[in-house]
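Each of the next two complexes has subunit A plus one other chain: subunit B in the first, subunit C in the second.
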Partner chain A sequence: MTRVMTKVFAIAAVVICIGTFVTMLIGLINSGYQSLSFEFLFSSPRNFGLEGGIAPILISTSMILVLAILFAVPISMLTAIFLFFRCRCDTVQTRLILTVLELLASIPSIVFGLFGMLFFCDFLHLGFSILSGGLTLALMIFPTLCLTLFASFLTLPNETRMVSESLGLSRLTVARHLLIPHSISGIVAGIVLGVCRCVAETAALIFTSGYSIRQPRSIFDSGRSLSVHIYELAMNVAGGDANANAAALVLLIVLLIINLLIFAIVDRQPNWIRSANH
Partner chain B sequence: MKLTNRYRDLTFDVIITVGAYFGIAVLILILILLLGNSFPALSEFGLGEFITESKWNPTNESMPKVGAVAMLACSLMISIGAVAIAFPIGLFYLAFVFLYSPKWMAFLLRRIMELVGGIPSIVFGLWGLITLVPMVNQYYPPGASMLSATLVLALMTLPTIIISVDAALSSCRFDLMLASNALGISKESYFWFIAIPQAKYGMIVGIVLSLTRVIGETMAVVMVSGNVIQIPGSVFDPIRTVTANLALEMGYAADIHRSALFTIALVLMLMIGTLVLTLRWFQPRSFKGE
Partner chain C sequence: MTTSPNIFEINNFSASYRDAEALNDVSLNIPRRGIMSIIGPSGCGKSTLLNSLNRITDLTPDFSHRGDVHFDGQNIYQRDFDVVNLRKNVGLIFQKPNPFPFSVYKNLSLPLKEHGMRNRKEIESTVNESMKIVGLLDEVSNIRRRNATELSGGQQQRLCIARTLTLKPKVLLCDEPCSALDPVSGKKIEDLLVRLGKEISVVVVTHNLAQAKRISDCVAFFCMVEGVGKLIEKGDTQKIFNAAQHHMTREYVDGSFG
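Take a look at the complex of A and B:
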């Protein structure tokens, strides 16, 4: 009885899951592909985004993304290296830091958005700007990135570690010449995952980088990210569905490319990255 | 090149230690700013009103009400509902992956879930708004309802649950599988009665973590839930969650209204924080990743 039921339900579950996601994808492609064209990607939006394309939005999105990664990676790297050197001694300090990272990782993105609005926009007088958005996103991806980097550092074999200690190598040397080259594929995968989360984020950006659809001239201008654009078109612009779908399709294609990149990096043991780093 | 410079080591230690305390500084800063900004509302109404009153009308001149009960209840209900729908489906999905699929198919099914896990919430929301809401609307208007929100969230959280439960099940002891094979136990019985009890802790962690994600979800919920602040009479009634309320009202809120919004953000954060800390409290003393 268990056997038959399990089999039936298991097949049903797979059919439901895959079926739903495929229907969803087909629905999006169906209603979005007419508006998707070369012109859509490379022209400015007109009439609140009902006509025209998404060129300035793509530019703001990539600016926000670059800023977020630029700020998040170094600081996460430091925390992860610290945790790596201290993790064998289960002290109050390391446990505190790990707990705080988990707490930060669980904070909803909208709360990060509110924090960004209070701290970057108001307190630091950055206003609604691409810089505020990027910094907020950096803080948002920081805890997850730290934990990912830490996990990939832990794959360094214990023997290597012990040998490096017995040789009296300084920690900086261990970090630069052993830790980072060894776990480079994990580091890259972690960063790419962070990029994914940034591209997908909406709630944290509404109150920090603003809604402006003009071409941003500097990082102190307000700029609308792609996901915010989809939200605006779908919710606040009557008849914006078609372009919202097209923009969603662009977003999905970007994420698909990024994801394929991760698979390429994580699955094949990346000899090329390692040899490039030694 | 000098590899063993003690002075440099000290500098490096200082730098990484400062880096390590960055997270703690951020958390404290978030708490201080939220507390500071919610202070006016807290001192005027008291925390009690937020967590006992169900009417939300902070802009009323004479009788402002800032009860968050309806929104908190809706947040909790749709999150728990979504996880309750997604978990069994995810478990059977994994049963298929572990028991019946050849290697290439198991690989493919896992990859698909990882890909779906990367789909942004805004896209789920858009799909819900354009497809699911009209579908529900045909039978039970208005369509934008608790049911739509729960279904969209269930769909969104499915990959997270599958990935974490998969990790928990994969870390089961291999020798027990060999032993159960030797005893002639069917693979289904092995899955239900040996593997799952072993992976119980990891599964609970996965479920609670995806629950915290779902509670914090904003955009998809804003788009499909109908955004009426009330305690729903049925699953076909429109609702508004805490996060949706923040996203919808923060743009124009001022004075005490704004402060009340920060207070409910704080309440939400404390709720999720308590969940995470409880989980960590029960965690066996070892590090993640090991």
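Take a look at the complex of A and C:
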């Protein structure tokens, strides 16, 4: 009986997941495909985005994304490594850090947006800029990324830890040669999650990167991200639905490509680990 | 530097995990050469003692100790003691073979590089030398490409021994090194330990009394007394197996224990 129930639930879950996705996709394609063209991708928006394309927006989005990842990944990596080496020696301290990280991970992104506006834009005088947005997003994905990395580090067998310690290997060596190669798939999964959250983020960016639809010249310029553009077109521009749908379709495709790319790299992982180990 | 005949001098050493005492008041000298077997029933603190000598117990959060342990005349628990240097000089072999999941060559060269050897040729010759001592040089080909986890269990264990030997340790501590292996592989490890015991100090924790009798020069017998591990008796192998003074030792080596 339980087996039948499990099967029913499993099938229901699959139907719901795929059904939602397909319905959404069909909706987007239906209302967005007329606007989607080569020109749409490679030209600037005109008339508040009702005409023209999304080229500067794509550039802003990638700049924000790259900055966010560039700041978030190294810091969360170091934090997770620190936690890993401390977690068996100092339970009170690590429990405190983990609790704080979990709390931070559950804070809504709009709060990060407000904080980013006050801290990066005003206090650090970065203004509405791609840098402010990137830093805010880095801060936003940091807790989740850190916890994901830490969880994947914990799968390192305790014996490996003991042996490396008994050989007098430094933490840096253990991290570089044992910990990171061992948890590479967890690390990549964490980064993919972070990337997707960044690309999809709207609320935190409205307050930090701004609305400007001009081509950004540097990271200190304001720039509109794709999700902010969709939000603007759908909510604040009358008749912007078609282009909003087209932009959403592009967003979906971008996410898909990023996912596929990163997982293609992970699949190659055994090879580069082997060749890196001589 | 002292010229004591003992590499380790353990004085009134007690060890506890949280509040449970695992070892009580152990005093034992470990000579610079030869094999010492540590025997006794499970849970009597043999492994704890072994782990304390390499200070791998630092990883256990609730571990605490009393008394002191001198390595080469230096108290290993004193402040500012160079633990990394201790671990370089005191190799530890675990029950389960645990090679790192990369090439055989890198398994051996990584600790060398860690401890400051930079010259490529020097590293290579040291690796080959260790591989030769443990008898893997002829058995395993293509050590730069071959992943260490692909070796057989016995080969893996010998690789682990070779890995510590690259650092030219003065002591090799083995925690039941053969018990996870088949008898043939176990015999190879035994022979290897006997050869090593001629040059350096080898300490073997074992449940295999026949093995202790075969390979060791001296034996220390540990046992639980009122729930705490204690050193009951130590002495030459012949004496412990044939003319032990303590009745518990006699019962244990006769197999009539408990």
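FYI, the second predicted complex is superposed on the first by the 235 of 278 C-alpha atoms of A that agree within 3 Å, B and C clash if a C-alpha of one lies under 4 Å from a C-alpha of the other, contacts with A are read in each partner's own complex, and residues count from 1 in each chain.
In this text, a contact is a pair of C-beta atoms (placed from the backbone, for glycine too) under 8 Å apart; a residue touches a chain by one contact, two chains touch by 3 or more.
In this text the structure is predicted, and so the values were computed from the model without any measurement.
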item	value
Contacts of A:P108 with subunit B and subunit C, given as first, second, both or neither	first
Which of subunit B and subunit C A:L70 touches, first, second, both or neither	neither
Touched partner set for A:L41, first subunit B, second subunit C, both or neither	neither
Contacts of A:G168 with subunit B and subunit C, given as first, second, both or neither	both
First, second, both or neither for A:A264, with subunit B first and subunit C second	neither
Partner chain in contact with A:V14 - subunit B first, subunit C second, else both or neither	first
Per-residue contact with subunit A, leading partner among subunit C and subunit B	B
Set of subunit A residues, in rising order, touched by both subunit B and subunit C	90, 167-170, 173, 177
Touching residues on subunit C, where the partner in the complex is subunit A	54, 56, 58-61, 83-88, 91-92, 94, 96, 98, 100-103, 105-106, 110-111, 114-115, 144-145, 147, 160, 163-164, 167
Residues of subunit B defined as touching subunit A within the complex	3-6, 8-9, 12-13, 15-24, 26-27, 29-30, 33-34, 37, 88-93, 95-96, 99-100, 109, 111-116, 118-123, 125-127, 129-131, 155, 158, 186, 188-189, 191-192, 209, 212-213, 215-219, 222-223, 243, 246-247, 250-251, 262, 265, 268-269, 272-273, 275-277, 280, 285, 287-290
Contact set on subunit A toward subunit C in their complex	88-91, 157, 159-170, 173, 177-178, 181-182, 273-274, 277-278
Residues of subunit A defined as touching subunit B within the complex	2-3, 6-7, 9-14, 16-18, 20-21, 24, 27-28, 31, 75, 77-79, 81-83, 85, 87, 90, 96-104, 106-111, 114-115, 117-119, 123, 139, 142-143, 146-147, 150-151, 154, 167-173, 175, 177, 196, 199-203, 206-207, 227, 230-231, 234-235, 241, 244-245, 248, 251-252, 255-256, 258-259, 263
